[in-house]
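Common to both upcoming complexes is subunit A, partnered first by subunit B, then by subunit C.
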Partner chain A sequence: MSDTLTIEKRQNATTRLLLAPGIIWMCLFLVAPILMIVYVSFWTQTTFTISPEPTLASWKQFFGSATYTGSLWTTIRIWLIVLTTTFLVGYPTALFVGLLIKSKTLSTILLVICVIPFWTSFLIRVLAWRPMLGKEGAVNIVLMKLGIIREPIEVLLFTELSVIIGMTQIYCVFMVGPIAFMLARIDRNIIEAARDLGAGFGRIFWKIIFPLSLPGVVVGSIFVSVMVLGEFATSGALSGRKVNLLGNIIVTQVGSLKWAMASVVGVILTVVIGIVIAGFLRIVDLKREL
Partner chain B sequence: MESRILKPLLGFYVGLFVLFLYGPFVVLTIISFQQGPEGGPQFPIIEWSTYWYRHIFGLTPPSRIAPLPVGEALMRSLILAFMTMVVSTVLGVMSAQAFRRKFKGSTVVFYLIVLGMMVPGVLTGLGTSLLANNVIGIERHWYTTAFATHVAYTFPFAFLVMLAILNRFDASVEEAAWSLGVDPWTTFRKVTFPLIFPGVLSAMLFAFTLSLDEFPRTLFASGRDQTLPLAIYGTFSVEIHPNIFAFGVLTTLFSFALLSVYGILMAMSVRRAKKAAMQEDIA
Partner chain C sequence: METAVFRLEGVTKRYGDLVALDNATLSAGENEYISFLGPSGSGKTTLLRVIAGFEQPEQGRVYFQGRDITNTPAHERGIGFVFQNFALFPHLTVIQNIGFGLTHGKHGLSAAEIDRRSREMIDLVGLSGMEDRGVDQISGGQRQRVALARTLTMQPKLVLLDEPLGALDANLRGRMRNELRAIRERLGVTFVHVTGSENEALAMGDRVVVLDRGRIIQSGTSDQIYDTPASPDVAHFLNRFNMFDGTLSGNQFSGVFGTAPVSRASRADRDVYAIRYDRMRVLPVSATPDGPAVKATFIAAEYLGSSIMNFFEASDGHVIEMEHHLSLGAPDSYEPRQDYLLTWNPEQAIVFGREAA
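This part shows the complex of A and B:
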């Protein structure tokens, strides 16, 4: 009896010892920095420095300025649009890769094909959209050669549209992966049974396939949301500074040493992301799905 | 019946999808062979040439276009990625090992670790630089503050990979070792670690590539010395030349080389495991 107790105690000690470095690292370099942002958002900003005298000045400035509040709405709008486009573009691919292909090898090959673009640097992938979308870009050249358009489309580059196209391409694979994973786990017998009972594909899809793939959709949405909400490089490089997300505001504020304002925007971004993730996690328990 | 229509239709769609994924890279590769130094980063191709590739390595006569400042940046990025890889893999293996037992507060710890991949880099980067500047009062460097944020970002990935591997791990081999009186550390080294090695390799690969390409955290948390993504970001604000595209092609090839090394190591470890299993059968 006492023997099992000491073993238990020793195992607990081992667990603590194994976990301690990771927990300490995350507290110091993840939790503390986020708390720091909240703290500094109430500091006093002078021209080039900040001091810890508490003030609401930066918060008032944020909500008093149309530029800043506008960037909040732009962020939410772009996020919703890109979430929708990545889902619409990604789901059919996931359906094909995860469910319709019988051969395991082929579906693995297709997934690898989806992942290969990630071997190019993120920033270069963003930049590659410029010669694609420009007035004399590849898309316009191809469309004109095919005779679909006469004049080059000019709204393709340095607009909100180019940001959306770029982000959709960069992030849609994060939607495809989790959905395909969930679809591949569906027991084929259920679908067979439904078909034997006379259900059409539409009915099978909406009653069986889609609900069972929902955890994948949620995980994919969390990935895409977190990345899009924290974006600033794609919007900066493809919109010609016309689309200003919260991330862009943070970068420019830090660039001009306005740390307090950057922190206010940081807190707002944290709150937005927190609400979004909490909302998604209400639909699916992430830990159980792993 | 439906699948006879649906499958080819979706197959065609997936073809378009792949085109969408690869289109920019194809265009990038084409333009990287633009004539130089007059040819810009757009169509039409004036004349095919390898000018911009030679430009990267400083093999072209000096022109008004400055060479990409990538030499030292590449070295820094590789060192940083290596450091990040080692630390986050060690942390990942340790924490995942701890998670094999049920313990109080496991959900909190789980989410604390996973939080690292959830929080956007802009926020961790900003927070870390605030902490370094205003509380601790140290200078930011790529090998101190940026390194800390890199590990906080890649450690969750290593942790999840190891968790998935250890969930499928057959604990009876360890118990056999323990019952023979082998101490836990030796058991881990001689029994557990070789068995989970493929997972460790994947965790390392994840950490290395994520760190190598990591950009928002580095932007805020590193000091004056640029890493590779920062050097590329620097070209965003000035005029773009095809040399950046040529560089993109080269880094992609480098990534493939890295992937091949991973594949070879993986195949070797699988073969070794098979060999060991065969010897066991014979014995």
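This part shows the complex of A and C:
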């Protein structure tokens, strides 16, 4: 009895020792900074200085201003739209790459092709949309040459639409990857079995393929959500300052040394992202599925 | 004469240059248990997939219940298929798996009716109490039953089983063999069972179809196959015969064992003399045999439960096996690395030859 106890004690000690580096790292670089941001959000901000006297002023200012709360709703709206568009574009792509293509080599090649845009820098990828969508951009030129439109479409650039187009293109691959991975793991015999049991394509998709790919959808959605909710560069470059996301506010506030306000927005953004991730994780038990 | 449930006429299937099925012709009656036996790569699984409709043959026709179904898609054929790895739907429970085929609109079944039929099938395969388990929470044998039940709920006239016992351990395999037969007899449908194990094929099949390199080389009842294999390949694959090369001329076969009289021989593309393991007798090396005999060195014995398999090595390195059934008395024990004479009654040999009529 005492022998097993000492063994357990020793195992506990070893476990703690092995976990220590990770825990210390997370505390230093994740928990401590978050606590610091929460703390700073209650500091007193004057025009040029900030002092640690606790106050709710910045919080009141955020919730009292239509600009700030409006940007919270814009962020959530853009996030929901981009999540939908990346899913609508990404799922069929993943279905093609992960399931319909039988050759493993070909599906790997196609996945690599999806990643090729990442060989250029983020800003270039975003800015490249300007000559595409502009009033005298590629899309308008082609449509006019084809005679489909007579006047250039102006809503293409420096609108919410251009932000959505840009974000969809940039983040779509994060949706495709996890879904294609889950789809590729589906045993083809299962699909043949379902067909043998008389199920048509629609039923096989909705009853077998989609539920089995759901963990991929959830992981992809988490990737896209986290990145879109924290976005500021795409909206900055493609909206002509018309679309202000929470990320853009943090950038301007930090730029004008308004640390307390930046912290308030940071805390709100962190909470929103936390709720979104927790919500997605409720859909499937990822520990079991992966 | 029974009416044929399915019939194959000259079915040929190629994968590139590889001929997976070469002009296969076969018919199966109602209420039969048929085993397809063959080594891996013999085309037995391809044949099954052609019948199921997962593969299209290049030539030949497939008939099912008198109808030409060669171009009918798999799900409209009404033929059940049980996959080798069971292919259960991993995200569904036992009862959802079993009821899956009934839930399509065209059956027009109410939820209560689907539930009733699924439960009936669960009882039939002996899975009562497991209805709501996930398929990853049950054992291999239970999964096998779910796979079978899932197919049987569709009330097919023909069920194809692709190496259904391959994924189970030996003990379970024996039990499932009996179960499969019993379930089939209760439902009166035809089962076609593909296997690479000669024991399984001979034990399970009312009829055994032996395939080799894409061709059907013999078809008959288990004892027909066992007692009169149609070719040296069949005899070899049954794994029950010591085979000797030699020359057949007239009524004599000469080989490493000397010359033996031959009463009857089957035509084949080479001369082969086959004698069953349990027909062999062992004599001391000094004895004078009254029939053909080979001098061989004893290597080892293997205890098989109801019999003992003794392994001898002839001077040319050829391994000769001798099976002793324990019901016939206690086994003799042989000294390792000692020479013995192996002999048999030439009447019991099966002889193949180019000269045979």
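Throughout what follows, the second predicted complex is superposed on the first by the 261 of 290 C-alpha atoms of A that agree within 3 Å, B and C clash if a C-alpha of one lies under 4 Å from a C-alpha of the other, contacts with A are read in each partner's own complex, and residues count from 1 in each chain.
Everything that follows uses one rule, which is that a residue touches a chain if its C-beta (ideal position, glycine included) is under 8 Å from a C-beta of that chain, and two chains touch if they have at least 3 such contacts.
As the structure is a prediction and not an experimental result, all values here were calculated from the model.
Asker: So, A:Gly200: does it touch subunit B (first), subunit C (second), both, or neither?
Answerer: both
Asker: With the two complexes superposed on chain A, say which partner A:Ile208 touches: subunit B (first), subunit C (second), both, or neither.
Answerer: The answer is second: A:Ile208 touches subunit C but not subunit B.
Asker: Could you say whether A:Ile190 touches subunit B, subunit C, both of them, or neither, answering first, second, both or neither?
Answerer: A:Ile190 contacts subunit C only, not subunit B.
Asker: In the superposed model, which partner reaches more residues of subunit A, subunit B or subunit C?
Answerer: Ranking subunit B and subunit C by residues of subunit A touched puts B first.
Asker: For A:Gly230, using the defined touch cut-off, is the partner it touches subunit B, subunit C, both, or neither? Pick first, second, both or neither.
Answerer: After superposing on A, A:Gly230 lies in contact with subunit B but is clear of subunit C.
Asker: Go through the superposed model and pick first if A:Trp129 touches only subunit B, second if only subunit C, both, or neither.
Answerer: In the superposition, A:Trp129 contacts subunit B only.
Asker: Is there a shared patch on subunit A that both subunit B and subunit C touch, and which residues make it up?
Answerer: On subunit A, the overlap between the subunit B and subunit C contacts is residues 200.
Asker: Given the complex with subunit A, which residues does subunit C contribute to the contact?
Answerer: Residues of subunit C touching subunit A: 52, 54, 73-76, 79-81, 83-85, 87-91, 100-101, 103-104, 106, 150-151, 154.
Asker: Mind pulling up the subunit A residues that touch subunit B in the complex?
Answerer: Against subunit B, subunit A makes touches at 11-12, 14-15, 18-19, 21-23, 25-37, 40, 50, 89, 92-93, 95-97, 100, 110, 113-114, 117-125, 127-132, 134, 136-138, 141, 169, 172-173, 200-201, 222, 226-227, 229-233, 236-237, 247, 250-251, 254, 259, 262-263, 266, 269-270, 273, 277, 286-287, 290.
Asker: Mind listing the subunit B positions that touch subunit A in their complex?
Answerer: 2-3, 6-7, 10-11, 13-14, 17-18, 20-25, 27-28, 31, 41-44, 91-92, 94-95, 97-98, 101, 103, 107, 109-110, 112-116, 118-124, 126-131, 133-135, 148-149, 151-152, 155, 159-160, 163-164, 184, 209, 213, 215-216, 219-220, 228-229, 232-233, 236, 240, 244-245, 247-248, 251-252, 255-256, 259
Asker: Residue numbers of subunit A touching subunit C in their complex, please.
Answerer: 187, 189-190, 192-200, 203, 207-208, 211-212
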